[in-house]
Every structure is written in C-alpha cells, then in structure tokens.
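There are two complexes below, and they share chain A, which is joined by chain B in the first and by chain C in the second.
Our next item is the complex of A and B:
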C-alpha cells in the first residue's frame, strides 16, 4: 500500500476516476460504450506513438520530437504507394514500419555520435523530414486513398446499435494500440534490451562498465519509436482516410507532455507503460470532457501546460528528497535526556 | 600464501609523462593490501593496468602463475578481478536485486529475463557477506554505505578472487567503516584478496596486512602493517619529513566576535553553543556524519538552523540566507571547493572578485577595470597563487592553488569571521603547510576563524581551541595547549566506540 502511494500511476488513476465521475454527472453520455470506443479510437494514434516516446525518455529524459514528422512522411508515402501499386493493408503496415524504423535509427546514430541532447538533434531531423515532405508533396492534400484503408477501418469486433439506430463497434485501431502497449510493457520488463534502456537512463557510465552496449541500446529505442510512428501513420490513414501533410506534426508536444505526466522522469531512467497509458487517457478524457461539457477546447492548451509544470515539479521533488534522505544525521540523545 | 597477482617492472607513459616507472607489486591469496600515494602518484594508472583497461608499455603481469603481456579487461574479469570505483557504477533507478545481478545478466547474454533468477542471484550474493538489504528497494534511496555493499555484492556474483576498492572509506562514517571491515575480513576468510586504494592516511591501514606506498610512479616500499607509523608513511608518500609547526598564538583572544547559543536543526545538529574570539582559530573536528559540515552551512545561511541564537560582535543576527551571513561579515570556504566554491571555467580574477563585485562598480554599474586589476593582483601576490596571469581559467590550476583562490575570494570581502571546511583535503602536503600559514596570518590580523577538519594533527597544531562533534552535538571543547594529538584522536574515536557499546 505504501509503495502504491509513492507511484505516480496511482495518482493519475485517481484523477481519471474523479474526472470521469464529474463528467458523467454533467453529461451521462460520457460513460457509454460508444463514447469510450470512440475515445480510444481517436487517441490510438498518439497512444501508439507515446509508447515510443516513453522509450526515448527513459533513455535520458530528453524527448524525441521528430516522431510526428516520421509518421507524417510515412503516411504520405504509403498512401501514394498503395494508390499507385495497390497491395494490401498488411503490406502497408510492413512498409510503414520499415520506413519508420529507418528514420528513427538515423536519429539514434546522430544522438549517439554527436552526444547532443536528443531534443536538439530531433528538432533538426523533424525539420529535415517534414521539410522534404513539403518539398516533394508541395503541400498537396490527397483526398482519396486506396479502399484498403476504409475496409480496415470498418472491421468491427462486435456490433452494437445505439438509441438513434446507428451501428457502432470496437474497431481494430484501438486494438493495435493495446497490442503496442503490451509489446512495450513486455520489452521493458522482460527483455534485456528493455532493462538496458533503464540502465543507460539511470547511469550511462555504469552501463558501459557492466558491459552493456550503450550504442545498440540507444539505437534500439530510437528505431522502436520510428517503428511505432510508422504503425501509427497507417492507423491514422485508416481513421482519417486522407493524407494531409500537416495534420500529425504539431501534436508532438502534447504526446510528450502526456508521457511526462505518466511518470517519465526528466532526468531519465524512470517511467512505465502503464503510466504512459494513463497519461494519454487523462488527456483523452480531459479533451472529450471539455467537448461534452461544452467548454471551449482552447482550455485544453492551458491544461497541457499546467500538466507539464506539475509533472516536472514532481520528478524534481522526488530527486531532491532522494538526495536529502541520504544525509540525515542521527542525533544522539543527551545523557540527561535518557535518564 | 601463494601469489595471486604479480606485477613486474611495469612502466607506462602518456605522451612523454612517465606515469609508472618499473613498478613491482605482489598480492597473495586472501591478503588484505593497502595501496597509498598522493594524488597523481600513479595509483589509478596502476589499477587500470590490473583491470586491463590500460596496457603497460613494458613489464609483465602474472595472474595465478600465468603470464600476460597484454592483459585485456576481459582477461582480468575472467580471472576474477573486480574494481569498485568511488562512484560504485550503480543504477540509482533500479532495484538492489537488479543492480547486484546486472553484470551476470550481461555476461550471460540472455535476451529475456527471469526475475526469479535475478532475485536468487542477489540473495546468494547478499548471504555470502551476511548483509541485510531490501532487494526491492531502489538503489538511489540507499545510504552511501549500503550502495557500497550493493557494489561489493555485484562483484561477488562472479567467481571473485581479487577485489580492489578505490577510496572506499572517504564517504563513510566510522560505524559504516567498521561494518565494511567485517565484510572485508569475511571475504579474506573465503580466500579473496582485497586491495584498498587511498590517497590519505586513514582507517583502512588498520586492517591491511601489507601497505605499498607509491610515489611519482614508483613503488617506494611495501611493508607489513606493524612496521608502519604515521610519520614513516608521510615520509614515504612525500619524500619529505613533515612536522607541523605548532601555532604560536600571538593574539590572546578576549574580544567576543561570534557567539552561538543552542543552535539546532532537525536531523542535522542539536544544541550547539560556542564562542569565537577575535583573532582566534577555533577548530571543529569530528567524523563524517557528526554534523560539522551541516553546522557550517547553517552559520553561512545555506541551510539555516531551526532554532537558537547567533550573535556577531554582541549584536543578535538572524541568518536565514547567504546574504544575511555575508552582511554579518561571515565568509565560507566549502568542503567541496570544486562544486561549491569556484566557477571552474572562469578566470582566477573573476573568481576572486565574485563576492566584492558590487564594490568595483562605477558609473552606470560598469566595472572599474583598473580597480579590478589592482584588487585581483594584490590577492594573487598576497596568497602566492602560482598562475601566469589573472585571466587563466581556474580549472587548470593545481588543488593547492585552487584552494588559495577560494580563500582569496573571501579575504577580498574582508570578513570578520571565516569558516573553512576541510581546507586542505586533497592537496599535497607542501601546499598544505602554506595554507596553514595563510590561515595563521589571517588570524593575526584579527579575523576569527572556524577551522573544520577531520585531520587531528592539523587542528591541534593550528587552533587555539577545538570542539569535538559527534552525532550532531558538541561533546567537548578543549584548549589545544592542554592536550596532544594522540589525546584528541582517542577522544574522537573513543566516543564512537563508546556509543557503539551502549
């Protein structure tokens, strides 16, 4: 119980529950399966990318900001490729994953060899990837995508009908998100590369000394965020069924904020998949709640800002406490006090 | 006892600088050995050669009768040699169990983890040295002493034959050192050889069977513990006989400068009262964790006290911040001058004027550069700082010269009271005595000095009076003319064993 109280995840879960109760009181539509399915679907894209963001944050606390650009490029390229040559959705996912991994690993190389904070390098690559996309696409929106995306988006597990006689169901997009969450959790907890990511984030010098291949560890994390961005790109294309060159880029800071909120440490070495999931869910519910309560969604930005301040403060306080607890001096009782 | 490791005629140079010259060194199975030498004597180069991180230019390394011309670090590890550096190489964000098991896991090259196995590895290692650690606790939450135990446990997860501990006691309290010794003795019974590496004369000598002294890259002597005396060791380390000259106090302290009454801070110190007179050097000594540094930080306003009174020249002052302390005429030279006392990348001059920069401002708040030059150069001369110019970065200076710069910085502010926390730690003995001279000269000019140090001879020979601190309290205040070094040493240490016995 004591341990539970120390964990960020616990507090976010509490906040989520309270927030859900409040929203439901004002608008009971919040707690309907249809709304929740919808919520999961619309946040599955950033939810998938967030797992990758978490990996990079554990590695050192400095965020990768280029992942939205990677997803943007992949989406556009794959949409054009499928329009030209056809294929099927599985092939689209594979190509997207490969492209994303490639772009992500490029970040990994730069970060390791130039030893510059991740955020700086990835601001650069964000601009390169996104800039090249604009150069070649000239900003053109593709309104009609290959039907495979629509077919994929329409697959439903279970079919229900709401009171207005509209059919709804649980789609594959949030399912992919859930699979990615499991994958991320498993890697971090049960594979050596996952533990190495924590180790490098905790103390890079020590990691090198126990024989961890630091470069390979970093390369893995950056490739992984690239891979997930690629997958997220296809999920996004399936949801919006178009390719707009500037629709994913711009969301990176919200995703990063959600992951920090979920307990990732600004000093590196900390964070969990469950926390990341809860962080995204809190964002999702907040966003959805504002709409349902008919409050201007402009408030959402204020909320995001406040969240970053709070989560960074928590990390910092924890670190200060850890340092202070080590320098406690046991004060001796005076002889006369004891008598 | 058969030899575990033998180095013969090892030499190593780095770009023309000869770090090691024909070093011979032997360690037996189950032997506890101590390697001492001043900073820069070649100790760390020697450790790196033994651990295979550096290749010697000439010489041979024998391990268990097998000769290595090029010992690679993997060979060293395979032969059961482990080095625990001062930073322990631990992961603060991972649990004790995982930290202990990590090098084993990396060695096994398994792609997937078995958490039960990790716990078993860790439990076996902790049981080997009979130490009680919560395996699920995060290492970052542990005390330094327990972190060291985790590092030792990690070394024990492999077939350990030779453990090298680099400055193992520098951050431990006396009690923790005793616990470490118990563990080391235990390792010895298991036939594991242990080597302590140290730059100062200290506790580790107690349990070493042999002591090797290294100076200027050469091993000067290897002697059994019984044949070593403090004076002999100092002589071997420095090549000089150093006897501290006793401070001949010219000023008879009578005018009260600082009076502290019942100063307390929770979890730091309790009920501290003392008086400092004009022109007096007041020593505070005690072991690590006695509260001496915390008291200094409170007097300087960095970590203000919770309760108690402070009077400066009879006037009650409230010290809640560094600004308050500076206004009251208090200066402070911190224990860790590199972190707290100096801006390493800035020049000597910039560092000297940091406290008095306001005094150098003229029209439009611009700095009067002529005055800057005069001030800086006068302090460089006054304290004999050896530097080519006032615009040289502090980080290029030797330890002794850096310490002079910190002192100059505070002297420039003309403090009434100067607190010096371990001012001679980590600087060589010649530089040490010149710092002592500076301190005495300041006292003669009427500055009241609080001199914190855990080196007893130093405080006895430089101070008018000494307060001994233990567990956050002053347990005794002594006039140095009444006692000798051995006396004080006994009181500091006896008090600790005393409290252990209770």
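Our next item is the complex of A and C:
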C-alpha cells in the first residue's frame, strides 16, 4: 500500500521534471528564480486550501466542496472589518483563522451528526455561506483594501534585480504555503490526531472499536480545512488587493482534482501532503508553461483534463495487470497442488 | 401496519411550501402566469437531475453532466454555423437536424469516455468524471474562445422557448422523458441491473450481469439527458457558452439526494427526484416573486437540504426506536 502511494508521487515528480525540461528548452525564462517565485506566489492560495482538502479526503474520500465559499466569506468579512477598524495583519490572520475554523467545524458537526456524505452536506453549506455572503454584500466589489494588505504583500525576503533592472524577491505568501505544507505533513505523520485521520478513513468502524474518538477526529479535519481556508483568504486578499465576492468560489473542483491527482484515495485512508503539493505544482507548471510558450491560456483546462484522464487510465491499467498476475500466480499454485 | 407512501415527507414539504408562498404573495404566486413560468424553468434542472440520477443509482456520480450539455450545445451551434454558410438563423430543416445529430454524437462521445474509464478500467466515478469534466470544459473554452455564440434558427429555439396550448414546450418534453426514464428504470433489464449494481456490485457481477457494459450504457444514457438539456438551454438563452449552468451541477446532486436517491446507490425513484426538483423550483420562483435577492434562494436551498436531512435522520431514529420497542 505504502509502496503504491510512493509510486504515484514518483510518477508526478517525473512528469513535472520532464515538463520543466521541455518548457525550459523553449523558453529559458522558466528556470529563473523570478519566474519560480511568481509561480509559487500565484498558486499559494489554492495550495494552502489543498492541504485542507487532503485532510478531508483522507477521512473518507468524499470531498469537501465548501472551502472556497468559506475563504470567500472570510476574505470579504475581514477586508471590511479592517477597513472599518484598522488593526494589523496578524490580527487579520487570527480573525480569519477563527472565522474559517468556525465555519469548517459547523460542516464537521453536520457530517458526523447526520451521517451523510461529506459532499452532500458541503454542497448545502456552500450554498448557504456563498448565498448569504451575496445577500449581505449585494455583490459589491471592494476595490480599495486597507494598506496593511499591500504592506504585507510587499515584504520580501532577499532582494534581487533582474536583467531589466526590476527588483524582485521571495514574498511571504509562498512562505505561508510552505509552512502550511510542513504543518500538514507533521500533523499527518507524527501526531495522534493525524494517525487517527488515516485510521478513520481506512475503516471507521474498526477505528471506533479500537477506541479512537471518531467525532473529534472528524471535527479536527473539518476545522483544519476551515482554518486553512481562512488563512488562504488573507493571502488571496494580499495578492489581489481587492475583495470580489465571486472570485474564489468555482475553483473547488479544480483543487479537488489536483489533490486526487496527487494520490489521495477516493475510498479514504490514503494520500500524502507531498503528493498534494506535487499535484498543485503540476497544475502550476502547466499554467505557467502555457504562458511562457505563448499558447493561449484557453488550452489550460484541456491539458489539465488530459493529464487527469491519462494518469487515471495508466494507473487503472497497472492495477488491472497487477490483479491479473496475482490471479495467475494463484491458479498456477493450484495447478501445482493438483500435480 | 399501514402501507407507507414513498417520499411522503417530500409531498408534505411541497404542499407546505406552496401554501406558505401563496399566503406570502397571494396576488402573484398562485397565478397561471407564475405556474407557466415555473413550467418553463423547471425542465432544465429536471433533465440534469435525471442524468445525474441514472449514474447515482449504480452508486456512481457524473460530474461531467453540465460540461457535456455545454459541449453538445457548442458542437450543435458550430455545425449549424459551418453548414449554413454563415447564416444560421435561415438554416434549412435538414441542416438543423444534422447539427443536432452531431451534438448528440458529441454527447455520446463524452459519455463513452466516462463509461470506459469507470466501467472497463474500474476508475472510481468521481475521479473519472472529474477528469472528463475538466477536459470537456477545456475543449468548450477552446472551441468558443470564451465567447458566446448566438443566433439560431427559429425552429430550434421553439424547442426551448415555444408554447403549445399555452403550456411551454420544454414542459411537454420533460413529461415525455420522465415517462421514458420511469419505464427504463422500472421495466427493463437494464434498469434492474442498475439498481442491483448500486446495492451490491459483487453480487450483481456474480449473477451474470455484464457490469462493464451496464456502466457504459448508464453513462451514455446520462449524456443523452445532458444533450436534451443542451437543446432546451439553446432555445431559452438563444446562445451557447462554455460555462452556462455550471452552478446547476451541484444542485442536480442535491435534487437527487433530496428526492431519496441514495448516493451509495441502489435506491431512489424518479417520482421522488421530480418532486424534489419541483420543491426547489417553487422555492426559487416564490422567493423571486417576493423580490428577494436571487442569492438568497441559494442560501434557502442550502437550509432546506439540511432541514430535510435532519428530518430524515430523526425519522429513522424514531422508527428504529419503535422497532426496538415492538420487538421487545
């Protein structure tokens, strides 16, 4: 089982390397630090949310689709709050995390209490969160945000100058993504709640019998995706420096696709943070590559779709072959018995 | 023991909502023009939900259904444009027919892809159709370059927009297809096989059901319903675009679930699903007539779903309690 998971990640890594080589051959600008910083920055929002998506997928394979709505609500609310009362960016992050955790835990409570598939409950809450946001915001776009978001976005670690004499550097947004990746990896690998998430995803009844508190485990995973959505919301506000009520919602299935591509199991109990990161990176590099190769971004979805279809076909054929060879061995053993 | 009427709670909810809406808005809600407009809007979600239901019965899901509908519409529109020499509004009947056939073929092609992936390669439905959905969305955007294609012949628009005896034509199409689907699911070997696949896949396999071909056919049928959606949508909007009706995808899943279709497969009736689509439509029209925010409708849908889930949950709970008491 573990070997198979490692394989998925290995294949994605190979595809990413090949893709990077191809893109670099056609446009060497791909492998510059400036481009890679940009790439990491622009995918940090969905990258952060994807870690949360992974947690819920491990829990049972049924995806949470409401996380974009949570991020959307949090972004709008925090942008308005900071405009009204000021404050600082750390406070903004804390409020966002608290709001997100609250909405996420509401999902977790409903999912566990009513024992309904995650996807059904979260479609309902997606509509509630997003619908209410639109009712209260009347769809108004906030073009001017509090300057703290701009200041935060402009903080750079290290400062470099490219050949056109434009300064660039490593911003804090991708750094937050990297921290979240480490946090997710650590929780899943080294904490009891992380191991419990795998156990509940693998077999809920068995997990309950060995004394795992299933409710608390689920509540943790759903609160965690809410928390990360809240953090992603502030990162998003810092990047776009406006609050548009419909800009994040609608991407949920793309993020889920990337996490599945990264090896998360549809039956629950399987998936890793590294795989999720690679899945998102594959999307990011494809997107970036199209721009660098001057191919219209209209083709982005075609490539992503093709990669998904081809990769699931290959892994399905592999699985069928493995099963066939297993049956063959079984039959041969039986034949020997008879002799 | 009294005989249970299936989905009784749904009928009760429907009646309550109709009564409440009529009381809240007596001058506009219980009128012929309102019922006509509901009959006009209802088929779109109904067809998508029917297509979704077919796959959910076998324990699967078809996330590519809206993308398939848009794909059908776009292929039809592009064929129409190519064959009519740049004047699609004046196209001849034969050209219209060929275009629609091309659209249906496109839908069936999409269905074949999902069907082979899930049926023959045993890829889980959610993954396979997520892939087809992304691929089709991409193809749709590339084909239209993100623009809207408008201008169709009158006869094509009539399918989605016309009136017959004062009743919208799409409503007639909806009735006919509801009848056909009920027959397929309840009276054919294919229908029985779908339910069996959903309730116990291994058992179905060992009772000599060709699971692979059933799944392939299930996706073909599902895509066919997407194609019908496309033709109605073309008439109602007089245009095609890569991302029309995207928000309906999740609503279609909800409508099925609300109507008693088990997401794990094996259970669900067409009548229940249709009632739940009607409920969603009544809420949406009723709230709309009250001049409330259309997004309030979305929030309402969400609340109603959770309410229904809660009611079902407590019903089940009390039923098991009664059983336990009576068995003692």
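Annotations
Definition applied: the second predicted complex is superposed on the first by the 299 of 339 C-alpha atoms of A that agree within 3 Å, B and C clash if a C-alpha of one lies under 4 Å from a C-alpha of the other, contacts with A are read in each partner's own complex, and residues count from 1 in each chain.
The rule is short, and it goes like this: contacts are C-beta pairs under 8 Å (C-beta built on N, C-alpha and C of every residue); 3 or more make two chains touch, one makes a residue touch a chain.
A quick note: this is a predicted structure, and the numbers were derived from the prediction, not measured.
Set against each other, chain B and chain C differ in how many residues of chain A they touch, and the higher count belongs to C. When the two complexes are overlaid on their common chain A, residue A:195 makes contact with chain B while staying clear of chain C. After overlaying the two complexes on the shared chain, residue contacts for A:131 are found with chain C alone; chain B is out of touch.
Of the two partner chains, chain B is the only one touched by A:205; chain C is not. Of the two partner chains, chain C is the only one touched by A:254; chain B is not.
When the two structures are aligned on the shared chain, A:270 is found in touch with chain B, with no touch to chain C.
Of the two partner chains placed by superposition, only chain C is touched by A:120; chain B is not.
Across the two superposed structures, the residue set of chain A contacted by chain B and also by chain C is empty.
Remark: chain C residues 63, 113, 117, 121-124, 126-128, 130-139, 141-142, 145-146, 246, 250-251, 253-254, 257, 263, 293, 295-303, 305-306, 309-310, 313 touch chain A in the complex. Looking at the complex, you find that chain A touches chain B at residues 189-193, 195, 198-199, 201-203, 205-207, 209-212, 265, 269-270, 322, 325-332, 334. Interface residues of chain A, counted against chain C in their complex, comprise 61, 63, 65, 110, 113-117, 119-121, 123-128, 130-135, 138-139, 250, 253-254, 256-257, 260, 266-267, 298-306, 308-309, 312-313, 316-317, 319-320.
Listed in rising order, the residues of chain B touching chain A in the complex are 87-94, 98, 102-103, 105-107, 109-113, 140-144, 267-271, 289-291, 294, 470-473, 499.
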